[in-house]
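First chain A sits with chain B, and in the next complex the same chain sits with chain C.
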Partner chain A sequence: MIGHYCRVVWNRKRANALILIEVLVSFLVLCVVFSIAVHYAENWRRPLGFQYRDLWSVTVRIPDRGSDPLVEARNLETSRALLAALRGSPEVESATPAPNAPYSGNVSRSGIYLADRKLVQFLYTPVVPGAIEVYPLELVAGRWLQPGDDVLDYTPIVISQNLARRIFGREDPLGRPIEEFDEQGQPRPRPEAWQQRKVVGVVKDFRKTGELSDTPYAAFVPQSMADATRSAAPWSYLVRLRPGTSGAFEESLLRSLRSVGPTWQFEIKSVARMRASYLKARLLPLLIGATIAGFLVLMVGMGLLGVLWQNVSGRTQEIGLRRALGATREQVRAQILGELVTLTLLALGLGVVLFLQVPLLGLVPFVEPQVFGLAALAAVVAILPFVLLCGLYPGWLATAVDPARALQYE
Partner chain B sequence: MNETLVLENRSAPVRTGTAVRLTGVAKVHRTDRIETVALSEVHLEVGEGEFLSVMGPSGSGKSTLLNIVGLLDRPTEGTVEIAGQAMNGLSDRELAPLRNREIGFVFQTFHLIQDLRVRDNVEIPLLYRRLPRGERRALAEAALERVGLSARMGHFPAQLSGGQRQRVAIARAIVGRPRILLADEPTGNLDSRMGDEIIAILEELNREAGTTIVMVTHDARLAERTNRIVRLFDGRQVQ
Partner chain C sequence: MWIHVFKIAYKVLLRRKFFTFVSLFGTGLTILVLVVVAAMLDDLLAPRAPEVHLDRTLQVSRMAMRGEQREWTGSPGFGFLDRYCRDLPHVTTMSIFTVGQDVATFVAGEKIVSQLRRTDAAYWRILDFDFLDGRPFGESEVTDGAPVAVLTSSAARRIFRDRDPVGASFDAGGQTLRVIGVVRDVPFFRSSAYADIWAPYTTAATEDYRTRLMGGFQALLLVDSRARFDEIRAEFASRLPHVEMTDPEHYDRMDGGPWTRLEEVASEVAGTSDESERPRTGWFLGALGLLALLFMLLPAINLVNMTMSRIFERVSEIGVRKAFGASTGQLVAQFVMENVLLSVVGGLIGLGLAFWVLHLINASGWIPNADLVVNYRVVSYGLLLSMFFGVLSGAYPAWRMARLDPVQSLRGGER
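Showing the complex of A and B:
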């Protein structure tokens, strides 16, 4: 019987082309929608690598920032006092200078060319040794930054696991310098010896950009609080509060900071609140997109239903004939659905081959290839029962007509 | 059986039993507003191996009668027996295999599936018997050979003449070796020469295979070649 279905489908290729295209379009639309959904779901599932609760961001506006080394040295001295004041509060567990708080929407990136002439960009975060407790970060190899790292004749660097994999592959990154190249693949050493970066530790992936984003490469380097020629005065700090600290502490912290830097301006924000705003801003367009995609899928579904209906209605006489020749209603319905499944599998096979070109050709490099595989699988699982459902009613209607009347149907 | 039926052709084969028996059959088509009597008080007995023709003007109920005998339609009143088995009260699931095994249909408009090759068209009744593909193919080829179309098995219906199409339809009707063949104006769409060819095939089937044939026709000349003629007028059996 399967051979008969295939023969009928093949011999009616022109009439079936419309159904095939409709199923193919539905499949591709679903694949795109599911890819986006799977991509975001996968991102959401991954650990952030830090804790946003009881974490505050303190942004500093330094009025007389400039190229004058004396001014910079004075600013750095005030910054040291500021960090001491932050750490001195009993409500504060730990604090660190850190550019761009998580969920701030801003990131500092550094980019290097590797020997394969590919540009690798990573989050570049100058911090003090206490930063590991502030986020907190999980060290998986080597050591974290320690006092005195900011005066070494090289720059110790702690990198995230994904960056270690990207640069060193399966090799041990500890103690290895990060060699830089130019766009032509020629070595390009740093102008100063102390600027040469050497990996001292590896931390778990650090997703400062939030749950919905991809996992960025990340690196931590020492923030010098003493030498203005190595580091400028930090303009942002992260403060880890003791659990249960109330929001009222913000006023007292602000007073304390103003007493250290009377001409500086401070803004304190809860990272949890920043996260809520970030999610709201990111989820709204996603929700709108999902609604539009839902309507699109619905429209495609309606179109499919219409095409199937028309196709089955056009076969009323044939259905009458088959019943006259001994087919039961169930056998005729099974035939309609069997042909539909054959056609759908053909369209889905074609769709899978087409859709999997996206990861194979690397057309969307920031999405992991398995996301496309999962999305294609989900689309197949969704579309098959949908198509069967669309075929059931027209099939039922067609067999509801008496064979004698169906044979006279024009 | 209604004894007033006339046997106009004395060359009928010897009857060994009753293939079809209709007793007091009536068919009324009802809608919200009108009621149309298609058949009324029809009593008919067709012996096994008989070649019977049904005549009458358009709208006299010939096709309705054929649909009832062919188990495509149910009578409003009366009983239908096929090979001694009562059909009243049987479900669609029970009637379908009976149609498949006991009855073959030949229609005026052939009703061939245009997208299937000749051989695939002839195989259709066998699909519902769950026969192996090889056996289906062999039976279909034998049926086509019998109607003289072995050379056209791989053609599509559109590539055949009207007479050839009707021969394909006959091959499809006999492929399952049914006891009864019902032909609804099988020559209606053919010229007289092709019509004669078709009737010759039906006669041969009746004579050699002993197939019972009930044929609806407008053509008195063809009807005269059958064993017996039943005439209908306004849904009533008049002869």
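Showing the complex of A and C:
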């Protein structure tokens, strides 16, 4: 049966080639849109690892930062007073220095080479012990950072679950040093002994880059507020507010910050608002792309309907002959739809092979391969019924052919 | 003859209304999307107020400072621009100003965020702002660091409500500024002009910016003629090795150059690894053209498909006309005319829809202060594209038709 359809399709190869290309291109367009949507949806399902509500980011611009250690020490002193001022307000539950607010689009990463010469980059977040309540983070093993961690003869580090898995696999990471290597795989120790990192705790995955983005590796280290040789003055803070704090608090907070650092500049942003613009920046282009793709596919569908209609009215004699030889209406309809399905399956098969080259060749390495498989499946599921729908009316038209009148033609 | 061809085309299109509708729908949609993109590119790249001299302006907005271990790419600093970019040959006016920075103003407990730029006095000479009230600040106010500001009308309305802004003072990020002028709002895509508040660069909280090689500033160079661009780039490049590094321990050289807006956009989209290399605009424009072609592919195939169907429905007509001596050229003209007519009507529909969509984009606030318009350039892109589209989709069916055998066609065609 299928072989028969294939032969019929092949006999009209010129006209069918155009239909095939049309279905193929619409399939590929849908695949791209669905890949992005599936990628976002997959990311959206995973827990965020922190709370964006009632969270403010305070960015500080320190005018004279430089290599002068005296200036740096003074800056750190002002930062200490700043942190105290932040924590001193009754509206504030807790505060911590932390580089790059969530959803800001900026990240500070630290990159290390592992023994297998693979580069691992993780969010590098120097914080004070209060940070676990600011975000808040969920500890799954070991301990969180504590006061005094910034004066030890090593650097205690708390890493996210996915980073622990990446570096230590199934082994227990607690108490283990993070060994670094150079690009040739030779061990490369840190210049100072206190810089050697040792894992003290593991937290749940921390998706600072947002719900729609990939889960980054993350690590937290102590930020020293006293020793300028260990830590530079932080340029960004996160503040957890008491629920229900009004936006008007911002003005009085700014005033108290300015009294601590008169020459410093401050910028306060609500993380919830940054999240809203983050979501808009990603979903709006997807929405526009999906709308255009939808219109394209609709257009192709209407074109297909027109062409099939034409096709059927051009084959009146053939259909009339078959009816006269005893084919039932259903058989005629099956013939028309069967040809269409054969052609569509051919186009989709070609499309799937073409599209799966994207994950196979690793063209977009940061997206998991199954996303593309799922997207291709979704595109097939969307196109097949749609194409069949377009074939229904021409199919019905074919069954309406009156054999006697069709054969009278010649 | 042409009126005749046009008449037949019109009749034929009316006969198969469904086909005509689908063709118009596809063409209209394609032209709509392409015209909206063209209007955005035109807004970004063409000289429009306040950037009236954009076609003979070079900008230094992205530099790289490099060393053995480190690399810092971003906007250049005031120190670099002031010390090494002044007095370039053929540059009639040069302006140094900061990149936009968000500042907060509190009005009755409500926070208002504005973009603040600190500029010199030459800024107002290179860019032609539309002053609704007051005046820009001049050389003496810049030298003295006078705390004055120019506002856009919408920023003035947000901050002062119904009060007269000129002469009034307000707080911008902890600094009190007195308003001396109000200008019309600046669209976001006029990238070196876009801001809500402008103040003299000498009003910055500290003086540390004066010596910096990197960070926070950019420059516009107004050149007497486009033909001099290469000379200026050469002179700029020859000065770079002589830049005295402020942090020689970590950095030893600077890369970058004065580029046109198109080159800036090209390098931003393509992402350059070497800032000293002139961005490849040809590559960028070629890629854009290819994308547009790819985008037109699907509607074009659709149109070809429907034209083919239309032609094979009319094989007997073609046969009769051929038998009565119509030349292939005449028939091809007939079919291409039909398609061009369809495409142009579709294109006009697309243009009409584009007006509406651009109006929606302007009103949505998606792009701040957007005033995307369909001007004569955009209209001519649109019409040209739809003609191209019509010929593209009419050529293949016409070629197939021309090869029809009249005898076969008269019998009822190759069925």
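The criterion applied here is as follows: the second predicted complex is superposed on the first by the 332 of 410 C-alpha atoms of A that agree within 3 Å, B and C clash if a C-alpha of one lies under 4 Å from a C-alpha of the other, contacts with A are read in each partner's own complex, and residues count from 1 in each chain.
Note that contacts are C-beta pairs under 8 Å (C-beta built on N, C-alpha and C of every residue); 3 or more make two chains touch, one makes a residue touch a chain.
Keep in mind it's a predicted model, so treat the numbers as computed, not measured.
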If you stack the two complexes on chain A, which partner ends up touching A:258: first (chain B), second (chain C), both, or neither? second
So, does A:247 touch the first partner chain B, the second partner chain C, both, or neither? second
After lining up the shared chain so the two structures overlap, which partner does A:317 touch, if you call chain B first and chain C second: first, second, both or neither? both
Determine, under the contact definition given at the top, whether A:11 touches first (chain B), second (chain C), both, or neither. first
Scan A:3 for contacts with chain B and chain C and give back first, second, both or neither. first
Which partner does A:192 contact after superposing on A: first (chain B), second (chain C), both, neither? neither
Applying the touch criterion given at the start, work out whether A:68 contacts chain B, chain C, both or neither, answering first, second, both or neither. neither
Check the residue A:328 against both partner chains and state whether it touches chain B (first), chain C (second), both, or neither. first
Contact-wise, after the overlay, does A:407 reach chain B, chain C, both or neither (first, second, both, neither)? first
Which one hits more chain A residues, chain B or chain C? C
Overlap of chain B and chain C contacts on chain A, residues 15, 317-318
Across the complex, what residues on chain A touch chain B? 1, 3-4, 7-8, 11-12, 15, 317-318, 321-331, 402-404, 407
For the complex, give me every residue of chain A touching chain C. 14-15, 18-19, 21-22, 25-26, 29, 63-64, 67, 247-248, 250-251, 254, 258, 263, 265-268, 284, 292, 295-296, 299-300, 302-303, 306-307, 309-311, 313-315, 317-318, 410
As the complex stands, chain B meets chain A at residues 67, 70, 72-73, 92-93, 96-97, 99-101, 105, 107, 111, 113, 115-117, 120, 123-125, 127-129, 133, 172, 176
Which residues of chain C touch chain A in their complex? 18-19, 21-22, 25-26, 29, 33, 102, 104, 106, 109-111, 173-174, 205-206, 208, 247, 297-299, 301-306, 308-310, 312-313, 366, 400, 412, 415
